[in-house]
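In the two assemblies presented below, chain A is common to both, partnered first by chain B and then by chain C.
And now, the complex of A and B:
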C-alpha cells in the first residue's frame, strides 16, 4: 500500500506497509524541489520488552525466552544466550556440543536464506510483485527454493527437536544428543540441497543488478578455522579485532523517537553494515574451495559494496551451509552427557554469533543465584537501520528522474537487500517507571 | 477418501476453528475422511496437500461477515480471494499457498476451502459460541461430502 504525492516540486513516497520483509515496517521518502529532504524507515511493530522482562528470570531461561524474539532465526538467539551464560559461569562447552550447535545453525541459515533469496528477494530483480506471481513463470526456481528451505527445516527438527523455536538447546549444551541415525539420515537430502543451492546461485547470477557502491564499514565475526556462524571474534573493515566483551566500547544504539527500533552506531565511524556482504568481505578465505569457486563464477568480487548483490552472497552462503552441514553430519557421533554442568555466579557474560542477517550480540549479568539482573540484545537488523536509510537516500539521489512508481519500487528493493527482520529489530524499547 | 486439513492457531480463540474441525472429524472417525492439522505456511500446506486427489482445507476467515458465517470455495475453479484469509506478516496465508500450488502444478484434482468467520482472536480463549456452532456445521457438511464421494 503506498501513496505517491501529485506535485513534482515536492514528492513524497510513503510506503505504509513494506511487502516481503519479516515483520511490519514502513518507509517515507521526501523530496523537495528536486533534492532529497529526508528518508525514514518507520518501525511500528509493537515494541518488545525482552530486555526488561528477562530481568528477574533464571539464567537458564534465556535461550528459550529470547528464541521467541524471532520465528525465523531462533537458533541465533538461543546460541548467543547460551554462550553468554556459559561465559559468565566460566564454562567452555566441548567440541561435540559446539559442532552440534553449528549443524543446527546451518539448518537455520539454509531455511532462512532459501526463503529470502527465492520468495522475498528474487521477485524484485525479475519484476514480480511477489514470489507467488513469480512462481507462475519460474516454477522450477520456486520449487527448488522451497525444497531447500524444507531441508533446512529438517536439520532443525532432527537436531533441535522442532523447526520453529527448537527445544533441544540449553545452557551447557543440549537436552539430548540426537541418535546417530536421526542425523546421518539427513545426508542425502542435504547433498541434494547443496546441488540445488549451487543451481540457485547460477540462476541468481543471471539477474541484472543496479550499479551502486556504498562505503560502509563492514562488521562480522571471524573464526580461526571456518566461515563464521556460531562464534568468533568481532572484526571490522576498519581494522578492529575484538573480543565480544569489547562490543559496547565500540558500538552503541540510539532510540529514534519515531520508531520502535534502536538504530546501531559505530563510535567514530557512524553507520556500519553487518550481514552476508560483511561476512563475505572479511571471511572469504574461510569458505570451502567449491563454494568459493562457484561464488567467483557467479561474478562475486573479493569485496562487494553493492547492496543489491547481497542476494548472490546469500545464495553462496546457502551452498556453504549445506556443505558444512554434510561435514558435520559425517563426523557426528552421539555424546553423553548431552550438557556440561553450569553453576551460576555473580558475573557478566557475552555471546555473539552470525544470524542469517548478520552479527547478533547478547550480554547478561546475573547474581550468585543465577537471577538475571541485566540483559542487552543487539540484533543485526537494528545495527543495519542507519545503513538501510543511507542506502535508500543514496538510491533516491541517483534516481530522482524516475517516476514515483519506479522510484518507490527501487526504494523498497533497497530495504529488501538487507533481508530485514523487523521482528528482531523491535525487541527493545527503553522502559522507565515513575511511581508517584 | 477426502483429506481434510485444518489450518490455524490453537491458542488464538477463533483462529483455532480449522484445528477444532479436524479434531472433531478425527474423533468421529468417518472412514472416508483423513484429518490432519498444519501451520499456515506454504511449505506445510503444500506438503499436506500432496498425494491426495481430494482435499478440503478449513480455516478461520476475516471477510467482514457475521461471526459464524461459513463460506465454501471451490479453489480449483478460480483463485481464492486473498483478503478472506489474511496471513501474518511473517508467513503466507491459505490463499497464497493455494495459488503457489496452482502455479507449481501440484494442485489436487479437487480442492475446497471452508472459511469460518471469526468473532475474536484473543490469546488463550476458547472458540466463541458462533464459531463453535459453525465448526459443527462444517464438520457435518464435510462428512456428507465424503459419503457422497465414496
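And now, the complex of A and C:
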C-alpha cells in the first residue's frame, strides 16, 4: 500500500505497510530537489512490554514466555532465556543438552531461512508481488523452498513438540529427550533438504543484484569449533573478541538526531550490523568444506558488503544447518535425566545466540526464590535498524532517476534484505507519532 | 441455455494487531496446502506474504493480535466494515494474549521499564480481545493456533459453512492416548482439565503440565482446579501464575487467579 506523491521540487514515497516482513512497519523516504532528504523506518508494531511483565514471574517461565515475542524464531528466545537462567544459577548443561538445542535451533534456521529466501525475498529479485504469485512461473523453486521449510519444521516438531512455540525446552535442559527413532527418522528428509538447499543456492546465484556497497562494522558470535548458532563469544570486524557478559559495556542504544530515536550502537564505532552477512564475514572458516565450496561457487566474496547479497548467505546457511542437523542426528542418543537440577539464587545471568536474523542477547536478574527482578532483551532487528535506514538512503541516492514505483520497490527490497522481524524488535524501535 | 459460470473465488485478508506473527505464520506453515489454498481463495491482503495489497470488501478476514493502542482500537472498526466474515485467530486476538498481563498492573509504571523515552509510547492500559471492540463471527484459539484447525476454518468459511472443531478439554485427549495423568500421578500443576483441546495434549505427552495455550474450555471449572493445585501444595503465588499466563485475559482463568491474589 503506497502513497507516492510528487511535485517538481519534492517527492515523498510512503510505504504504509511493509510487506513480506514479520511484524508491522512502514517506510518514509523524502527527496527534495533531486536530493535525498530523509529516510524513516516507522514501526507501528504495538509495544507488548515483555521486559516489564517478566518482572515478578518465576525464572522457569522465561523460555515459554519469551518464545511469544516471535513466532518465526521462538527457539532463539527459548535458548537465550534458558541459558541466561542456567548461567545465573551457576549451572552448566551437559553436551547432550547443548547438542539437542543446536539441532532444534538448526530446524529453526532451516524453516526461517527457507521462508525468507523463497517466499519473502526471491520475489523481489524476479519481480513478483509474493512467493504465491511467483509459484505460477517458478513452481519448482517454490515447491523446493516450501519442502525445505517443511523439513525444518519437522526437526522442530520431533525435538520440540511443535514448530511454532515448541514446548520441550526448559531451564536446565529439556522436559524429555525424544526417542532415538523420532530423531533418526528425520535423516532421509534432512539429507534431501541439504541437496535441495544447495540447488536453491545455485538458483539465487543467478539473480541480478543492485550495486550497493555498505561499510558496516560486523558483529557476530564465534564458536571455537563450529559456525555459531546457539552459543559463542562476541567478535567484530573491528577486532573485538568479547565475553558476552561484556555486551552492555560495548553495545547500547543512543538517541540520534531525533528525540525519540533509539538506535543500536557500538560505543566508539556507531551503528553496526548483525545477521547472515556478519556471520559469513566472521565465521566462514567454520563452515563445512562442502558448503564453503558451494558458497564460493555461488559467487560469495570473503567479505560481502552488498546487503542485497544476504540472500546468498541465507541459502548457504540453510545448507549448513542441514549438514549440521545430519551430524547431530547421527550422533544422537536419548539421555536421562533430560535436564539438570537448577536451584535459584540471587544473581544475574545472560544468554546469547545467533537467531536467523542475527545476534540475540538476553539478561535477567532473579532473587533467591527465583523471582525475576529485571529483564533485558536485545533482538537483532533492533540492532540493525540504523543499518536498514542507511542502506535505504544509499539505495535511493544511487537510484534517484528511477520512477516512483520502481524506486519504492527497491527501497522495500532494501528493508527486506534484513528479513526484519519487527515483532521482536518493537520495543527498541522508534515508534512514529505520526500515524498513517 | 444458460452457461455455468465459475463462482468468484472468496477474497481473503489477513490482519495483524499486537502479536508475535506466529498464527499467520501457521498459514505459511501449511506447506502442502498453501498453494491449494491460494488456488481456492483469492489472497487479497496478506502483508506478511505479499506486497499486493488489495482493497476491501473481503469475504473472510483473519485477524491476529490484540488491541493495545488507541490507533488499533480505531483500525479494527474499518476492518470489520470491510469484512463479510471476521474470524479472530490465536490467544492474542481471542483473549488479549500474554500482553494482557498488563491488565493486572498499571501500565504507566511498566513503559519506563522498557523504553528510554516513555513519553513517545502510545499504549492503552489494557490488552483486549478483538471481540471487545467489534462483532466477531468465529474465534479460533491457540498460542499458536493449530494449522489443521486454521485450514478447516478457511475451508469452512470459503464454502459458506461453520467450521467443525472439537470442544472437549485437553484432559480427554490424554485419556484417549492412554497417557498417565501428570496431575494425579505426579502432582504437577496441569491446566489440562480446563483447557480447550487443539494441541493434541502436547505438554503432557512431553512429560510436563499443560499451561493453557488454547484457553479455557467452555464451562471450565478453573476455580475448582485452583483448589486442587493448592491441596497439592502449590502456594497462592504459584496458583496465580498458573492461571495468569498466555490466557490471562480469559474470564475463567482471570477469576481463578484473582481468588488467590
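Going forward, the second predicted complex is superposed on the first by the 417 of 436 C-alpha atoms of A that agree within 3 Å, B and C clash if a C-alpha of one lies under 4 Å from a C-alpha of the other, contacts with A are read in each partner's own complex, and residues count from 1 in each chain.
We adopt the following convention: a contact is a pair of C-beta atoms (placed from the backbone, for glycine too) under 8 Å apart; a residue touches a chain by one contact, two chains touch by 3 or more.
Predicted model only: the values in this text are computed from it and were never measured.
Trainee: Should the pairing of chain B and chain C on chain A count as a clash or a fit in the superposition?
Mentor: Aligned on chain A, chain C clashes with chain B.
Trainee: Tell me which partner A:386 touches in the superposition: chain B (first), chain C (second), both or neither.
Mentor: In the superposition, A:386 contacts neither chain B nor chain C.
Trainee: Once chain A of both complexes is superposed, is A:189 in touch with chain B (first), chain C (second), both, or neither?
Mentor: It touches nothing on chain B or chain C.
Trainee: Can you tell me whether chain B or chain C touches more residues on chain A?
Mentor: Looking at chain A, the partner in contact with more of its residues is C.
Trainee: Pick one for A:153: touches chain B only (first), chain C only (second), both, or neither.
Mentor: both
Trainee: For A:226, is the partner it touches chain B (first), chain C (second), both, or none of the two (neither)?
Mentor: neither
Trainee: Thinking of the overlay built on chain A, is A:250 touched by chain B (first), by chain C (second), by both, or by neither?
Mentor: Touch partners of A:250: none, neither chain B nor chain C.
Trainee: Figure out whether A:69 sits in contact with chain B (first) or chain C (second), or with both, or with neither.
Mentor: The second partner, chain C, only.
Trainee: Is A:61 touching the first partner chain B, the second partner chain C, both, or neither of them?
Mentor: second
Trainee: Give one of first, second, both or neither to describe whether A:142 is in contact with chain B, with chain C, with both, or with none.
Mentor: A:142: touches chain B and chain C.
Trainee: Contacts for A:168 in the overlay, against chain B (first) and chain C (second): which applies, first, second, both or neither?
Mentor: In the superposition, A:168 touches chain C alone.
Trainee: Applying the stated clash rule to the superposed structures, which of 99-107, 117-125 or 153-161 from chain C runs into chain B?
Mentor: The segment of chain C occupying space taken by chain B is 153-161.
Trainee: Does any part of chain A touch chain B in one structure and chain C in the other, and if so which residues?
Mentor: Overlap of chain B and chain C footprints on chain A: residues 22-24, 71-72, 119, 130-132, 135, 142-143, 146, 149-150, 153, 164, 423.
Trainee: With touch defined as at the start, can you tell me which chain B residues reach chain A in the complex?
Mentor: Touch residues, chain B against chain A: 39, 42-43, 46-47, 89-90, 92, 96, 99-100, 103-105.
Trainee: Under the touch definition given earlier, write down the residues of chain C that touch chain A in their complex.
Mentor: On the chain C side, the touching residues are 16-23, 25-26, 28-29, 31-32, 34-35, 38, 43, 46-53, 68-69, 71-72, 97-99, 101-102, 105, 107, 109-111, 113-117, 120-123, 127, 143-144, 199, 202-203, 205-208, 211, 213, 238, 241, 245-246.
Trainee: Which residues of chain A touch chain C in the complex?
Mentor: 1, 17-24, 44-53, 55, 57-58, 61, 64-65, 68-72, 74, 111, 115, 119-120, 129-133, 135, 142-143, 146-147, 149-150, 153, 161-165, 167-168, 170, 175-176, 253, 255, 259-260, 262, 338, 409, 412, 421, 423, 427, 430-431, 433, 435
Trainee: Inside the complex, what are the residues of chain A that reach chain B?
Mentor: Spelled out, the residues of chain A in touch with chain B are 22-24, 71-72, 119, 130-132, 135-136, 139, 142-143, 146, 149-150, 153, 164, 423.
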